[in-house]
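First chain A sits with chain B, and in the next complex the same chain sits with chain C.
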Partner chain A sequence: MSEPDTRRPFAVTSRYGGERKVVGERMIQLFFGGNAFVAVLILGLIMIFLAREGLGFFQLNRANLEVYRKAGLEFVEPLRLQENQHNQLVRRMFDLRVESARALGRNTELDREAINARLRPLDDFILAFEDAAEPLIHASMNLSDLAAEIKMAAIEWEETEEYRGGLKPDFDYETARESLVAFLGTQERLNEMVAANLRRVVNQGNQLEWANTALARAFAELRNEALAFATDLPGAYHEMSTWDPNEPVPTWKAWSVFLTGSQWLTASFWQDWYGVLPLLTGSLLVSFIALAFAVPLGIGAAVYVNQIATRREQNLIKPAIEFIAAIPSVVLGFFGIIVLGELLRQFSEIGWMSWWPGFPVAERLNALTAGIMLALVAVPTIFTLAEDALQNVPKTYREASLALGATRMQTVWKVILPAAMSGIVSAVLLGFGRVVGETMIVLLCAGNRIAIPDFTRGLEVFTQPVHTMTGIIAQQMGEVVEGGIHYRALFMVGLLLFVLTLTINYLAQRAVRRLRLPTI
Partner chain B sequence: MDPTTTESPSPTTPAAASADAGRPAIIEVEDLDFYYGENRALDGVSLAIPSHQVTALIGPSGCGKSTLLRCFNRMNDLIEGAERTRGTVRIRGVDIFGPEVNVMELRKRVGMVFQKTNPFPNSIYENITFGLQLQGVRSKTRLDEAVERSLRAAALWDEVKDRLHESGLSLSGGQQQRLCIARAIAVEPEIILMDEPCSALDPVATARVEELIHKLKQEFTIVIVTHNMQQAARCSDRTAFLYLGKLIEYADTQTIFINPSDSQTEAYVSGRFG
Partner chain C sequence: MATPAEQFRRQSTAIQRREKVIVFFLRASAWIILLAGATVLGTIAWKGAGTLLQPNFPFINITFLAEAPQTLHVFELDGETVEMSDQDFREFRAKLAEEAAASGESAIVPDSTSYVYAAGGIFPNIVGTLLLVAGSMSIALGLGIATAIYLSEYARQGSTVRFIRLAILNLAGVPSVVFGLFGFGMFVLFFGWNVSLIAGWFTLAFMVLPVVITASEEALRAVPQGFREGALALGATRWQTIRRAVIPHALPGILTSSILGIARVAGETAPIMFTAAFIMRDKLPWEVDRWFDFFFQGVMALPYHIYVVSSKIPQNEYSARVQFGTALVFVLLVAVIASASLFLRHRIRARQRW
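The block that comes next holds the complex of A and B.
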């Protein structure tokens, strides 16, 4: 009754029937899976690589700080600070002289000769003020040279074959420092003398005549500061006499000098400092400026394209914005130097723009120039992702809102944007990640001055030149000794940057997850 | 309307018996042609919809019943290429396609409930107050009152009164649709358009919404598009049958279902095509 089953059997036991097919499928699966895991693998490898090259920095930095202490550079530092303070006072006095000359030129008929004659007493005063501190400056320079010599000698000593082979003892810092420390014996007397001289000169200053009350007031303030400086002079002695060259440098110091140090100073005659703060603030400042331009532009364009534009406008705007992402950043950087930097400078010099803080700009290349160019990099990212987020808002929300009598703009503000907010936040964060990692543009346009921007000057901070984490790596990596402290410091900057962008990306993903719309 | 009746559901009765064709028409459609680009969706439709009645628009897919419904609050304006080429729609005597018509104001008078439940991803409270806040109502007491009144009218108050500030999306499908109805009621429209409001709901939820429709007609004029013949028979007073963009027959629901004058209508309502 039952017919023989002539169809292909499904229970295949032969080697070439079933299993080969299974093996084939396995291979395909492995291929796809392998591709997918390459990303994870590479991420891990990059982290290991950065950490391996970078973390060695802290050991080297600790040794660096130890030499700084033992060779007596740290000992001389208070003196150098005083020299520096005195220099600044002198510089400000010269500024006052320039102001005075200007004021005289404006208010009187005097010619240059006559003005100089009028200002001779001030010139004499400044000269006397400079001379009064001469012994202090002399001592500071002498001791600096001595300390630097000790440091050089110590480094040379430790680089010799014998020392490395264990044939030579450790460098004898104690003896080398003797001449340095001997200074303490004369310092008290020197301080007294300099302080007395300064006081005398400053007190004579009250006979000076000033062109107007503002200048007089500025000078009075300066005199008070000069007197305070004279009074504080013995402070350095106290600091230097209690200094202990053998106090060990704690490990955390090597970290804190890097993370919170305000100086990035390399290949210097005195002491190299690897403080990441100027670079970090520079990066953040430039990114902030970029986002300030890119967020309204990107989101505005996304709303327009998604909610308002006709199809023809969409077909024009979308590819145009996405094309910006295809421009090589070096081209944008070049454009920033040649065109935008120049335009910005000329624009800032227009008379009626001078109310804007920081205008006219002192430097053609500054944080603002770089920020504006970086905004161009961030706009496509923010636009594309924000537009996606808006696109993902169910169309039914829009209908519901309009059917309740909302205008198109009310619908955008009260329904569409809130519903897309998670996606938009994540778009902004990813845009931030994009600009903080951008290198070429900031290297070319940011002005590359390694200093923490002066935030006390309010909005002027935006027109100051800055340097960035990415810029410093690109700029200095080519000229460092492999494995040296500078090389490793650059890797630490890279690691920090990596951690920063990783955090931003993580936050962006969390924003999406936390605020994700329910699927309807 | 008496909110206490929500607890005692009365059996839904065929409403046609109480239909009063002599009521004044609130919507008058005259000779309306409507195109989507090249495609004609409505072809010379004329009908008058009486106030405080439930009017059902039925017909097979693509017959133009949704298009006609969306003409009443001009939701078709949103579709690119959609265009009225001839005819008028008057609501309370005013041509709603006229140049002086403010579409936003029109939509406040003519509310709408959609096929797909679409509460905003906000709280129940915010869903209901959305329309009033658009109109600039800020007073907390007025908003609170409106929320309670609308939810009671939509027979949802007892189920959600303790969780007004939870997301509207946490409700079940049927509750979400009643929330959408409450949201439409909150702005106090005269007319409520319903575009297949029960097609995504299970039978129990459907029954509740139908019951609600029946109750709402005391306060509002309701126009409902439905695929479900029984639904039209159960809850409407008047029924219009459309086919290929033309109005084939328009009469009391009872007439349409028991004694249609057109053979196409008869074939459709008896389930022989569509």
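The block that comes next holds the complex of A and C.
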């Protein structure tokens, strides 16, 4: 009896190696497939990890806002706002005093002592204005301390082992808040008193003498604001008396505070805010400046190299710009902080440049410094891709246009550029993507002040220091606690950045498809 | 009065004049870019040369390239300003104390001003950067090229593969700081590797992986289909075809892209800031007690050093010296890598003909 034929009837066999070889082929394919699987898995995991760490932020932020409400920090906020307004009024009065002293020094031949003597009534006025709001400020500070204490106590309570084990009841906010809410009883009387005091002081101010009419006018304006402030005092009472500590914080609030919050404040004794708006506007402002430089330069250079330049110029310019792309960003940032920042400051201090808004610059490192250096990052990307796009325009277009008698520039303007528009738009978008994601340059050169740039000041906004999304991650990542709200907030910024660059990439690809020429 | 010759002279029309102005602006934009690049590199080269070069033999400042960063002490001695590195200064002080003890007097130690990082060199930084590049590129190239081969040669070209390809292409545009964030959260904290070489390797490798995959696949797909068909028709197996008929032709393209990847990995700062880089470390990477400690140690790196000396320490003439010197060495390193890749690509383009 013969052995049954175990070979599969149609198995591929060969004289050298037979089935072993087929198995070997399979193993090789498996190896490559496994590698591809691992790579794709890793790249997918990156996204999942980012999303997991980032989205956890909202739960924590909601808890954060809940404590803010329950501990009464929100309750005290209107008072703190008033304290702040009063402080600002006082500061502006001091500014006026400084200016008066300067005006007196310029116009008269008085020495310092005499000027001080002349300004004594003003000093007294400012002092009286400060003192008039004393009870209000006192109350605001006391209540702030109280609320902060409640918050600390609540956090400590919730961190104890017993509470986590379910052995201790929830923190009793109600009792803790009692002394805080009790303030409402005395507030109306306090408001009346402070308002009367303020009015009295402000009305006395009309006897002051001023060095010139401009100062007098500025002071009159200030007085009106002070009177309005006094009239508005009961507004805070209204707000505080209708405040409900037990109103639940909705989930969308945690999102909206992050997405539209205008404050990014960490490690403060009062309340941490994670609002991405200052960072987002900073990133966009810096990118806008960079593109304002890079788009005309990059596209202009691409048109020149592709349409006009001689072979020799082409062979010089193209590799040179590709070489610029290879300069590491930290080197550009270093150049910006050490050389360009100083150069820009000196340049802006030249007398005849002062017509330019924002010159002379207040800060050496600002959005403009970072924007110029970022332009150098964006230019190679825009140039290379735009040049490719121009190269891809069929030769016949150009020849047909020239044959019809169009000049070289007419051909470029009316035929070649429209034909290459899809590639150019996508080049600009990809340049934007590179600039938005750039970290070291903005971290070093942008000035890192976390505030929404003051757009009311017109073009001056370009010379203000800003902070960016990439910058904040690089700056604060080293100082966070794993899994904490700050850690997750930074991941959320990273996630936002991720989504933003993906969107830009997607738009760039769409632009290529949408604006593509019909094939002939 | 016009001479007859002038009547036939070409008159420039308004259109031609406008044309000239436009061409002038286009040309200017090209040269402004080059000028800006040259200014940056020129400044760094000019000022960095003061640190890197020296007027007498061997003309290159060996100390700067071969020593670790040290604190610089500057003090007045006999009416002259003396600069000493921390190590020298300590020996000098010990010698003074010895002499004083011998003569029975109390030692007079000169008051010195100290400047951090301004003395010594950047040897550990160079080593650290090279280690980071070598490790991360090994991971990225191994994984990336294998993935590219699978995607372009083995996988069925369906919608799944198209989607994966698109996802990878898009990931190549994600900012490096996001990868840094991921590396920090995943490797440093979640895996507990702390700030270490291995965490930096994986972070950088994953950052550059999409670039390597995309570029390698492009090189593979540029090989004409006929090559594969010819080999298969001759009875070669799939793997034989790939090894003998595809990879040799795609290899130059793959190499070029991988060298560009090296330049990118060497130049990035954000991903290593909180995964692998130390501001200061006394020991060199190979001075470890147990062999596996090698992977779990932080290193000093050139880009991070530039960041630290240009923003974290007070600025003065002594810090400027180390700043520009480090920047020049770093730029030279990246330039060598980048120009190697440009040269290689040029050679390949000239040789490729099918």
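Everything below uses one rule, namely that the second predicted complex is superposed on the first by the 473 of 520 C-alpha atoms of A that agree within 3 Å, B and C clash if a C-alpha of one lies under 4 Å from a C-alpha of the other, contacts with A are read in each partner's own complex, and residues count from 1 in each chain.
Just so we're on the same page, contacts are C-beta pairs under 8 Å (C-beta built on N, C-alpha and C of every residue); 3 or more make two chains touch, one makes a residue touch a chain.
Quick caveat, the model's predicted, so the values are computed rather than measured.
K.L.:
Give one of first, second, both or neither to describe whether A:Phe31 is in contact with chain B, with chain C, with both, or with none.
P.N.:
In the superposed model, A:Phe31 contacts chain C only, not chain B.
K.L.:
Is A:Leu167 in contact with chain B, with chain C, with both, or with neither (first, second, both, neither)?
P.N.:
Neither partner.
K.L.:
Just to be sure I read the superposition right, which of the two partners does A:Arg311 touch: chain B = first, chain C = second, or both, or neither?
P.N.:
Touch status of A:Arg311: first partner only.
K.L.:
Touching A:Met440 in the superposition: chain B (first), chain C (second), both, neither?
P.N.:
second
K.L.:
For A:Ile321, decide between first (touching chain B), second (touching chain C), both and neither.
P.N.:
A:Ile321 sits against chain C, while chain B stays out of touch.
K.L.:
What is the contact status of A:Ala403 with respect to chain B (first) and chain C (second): first, second, both, or neither?
P.N.:
It touches chain B, and chain C stays clear.
K.L.:
Would you sort A:Val415 into first (chain B), second (chain C), both or neither based on which partner it touches?
P.N.:
In the superposition, A:Val415 touches chain B alone.
K.L.:
Pick one for A:Pro394: touches chain B only (first), chain C only (second), both, or neither.
P.N.:
First partner only, chain B.
K.L.:
Counting residues of chain A touched by each partner, does chain B or chain C come out ahead?
P.N.:
Ranking chain B and chain C by residues of chain A touched puts C first.
K.L.:
Jot down the residues of chain A that show up as touching in both complexes, chain B in one and chain C in the other.
P.N.:
407
K.L.:
Show which residues of chain A lie in contact with chain B when the two form their complex.
P.N.:
Against chain B, chain A makes touches at 311, 394, 396-407, 410, 414-415, 418-419, 517-518, 520.
K.L.:
So in the complex, the part of chain A that touches chain C is made up of which residues?
P.N.:
Interface residues on chain A, with respect to chain C: 21, 24-25, 28-29, 31-33, 35-36, 38-40, 42-43, 46, 49-50, 53, 296-298, 300-301, 303-305, 308-309, 313, 317, 319-324, 326-335, 337-339, 376, 379, 383, 407-409, 430, 433-434, 436-440, 443-444, 470, 473-474, 477-478, 482, 487, 490-491, 494, 497-498, 501-502, 504-506.
K.L.:
Going by the contact rule at the top, pick out the chain C residues touching chain A in the complex.
P.N.:
These residues of chain C touch chain A: 15-16, 18-19, 22-23, 25-30, 32-34, 36-37, 40-41, 43-44, 142-144, 146-147, 149-151, 153-155, 164, 167-171, 173-182, 184-186, 189, 206, 209-210, 213, 237-239, 263, 266-270, 273-274, 303, 306-307, 310-311, 315, 320, 323, 327, 330-331, 334-335, 338-339, 342.
K.L.:
Taking the touch rule as given, give the residues of chain B at its contact with chain A in the complex, in rising order.
P.N.:
73, 75, 78, 80, 104-108, 111-112, 114, 116-122, 130-131, 133-135, 167, 169, 180, 183-184, 187
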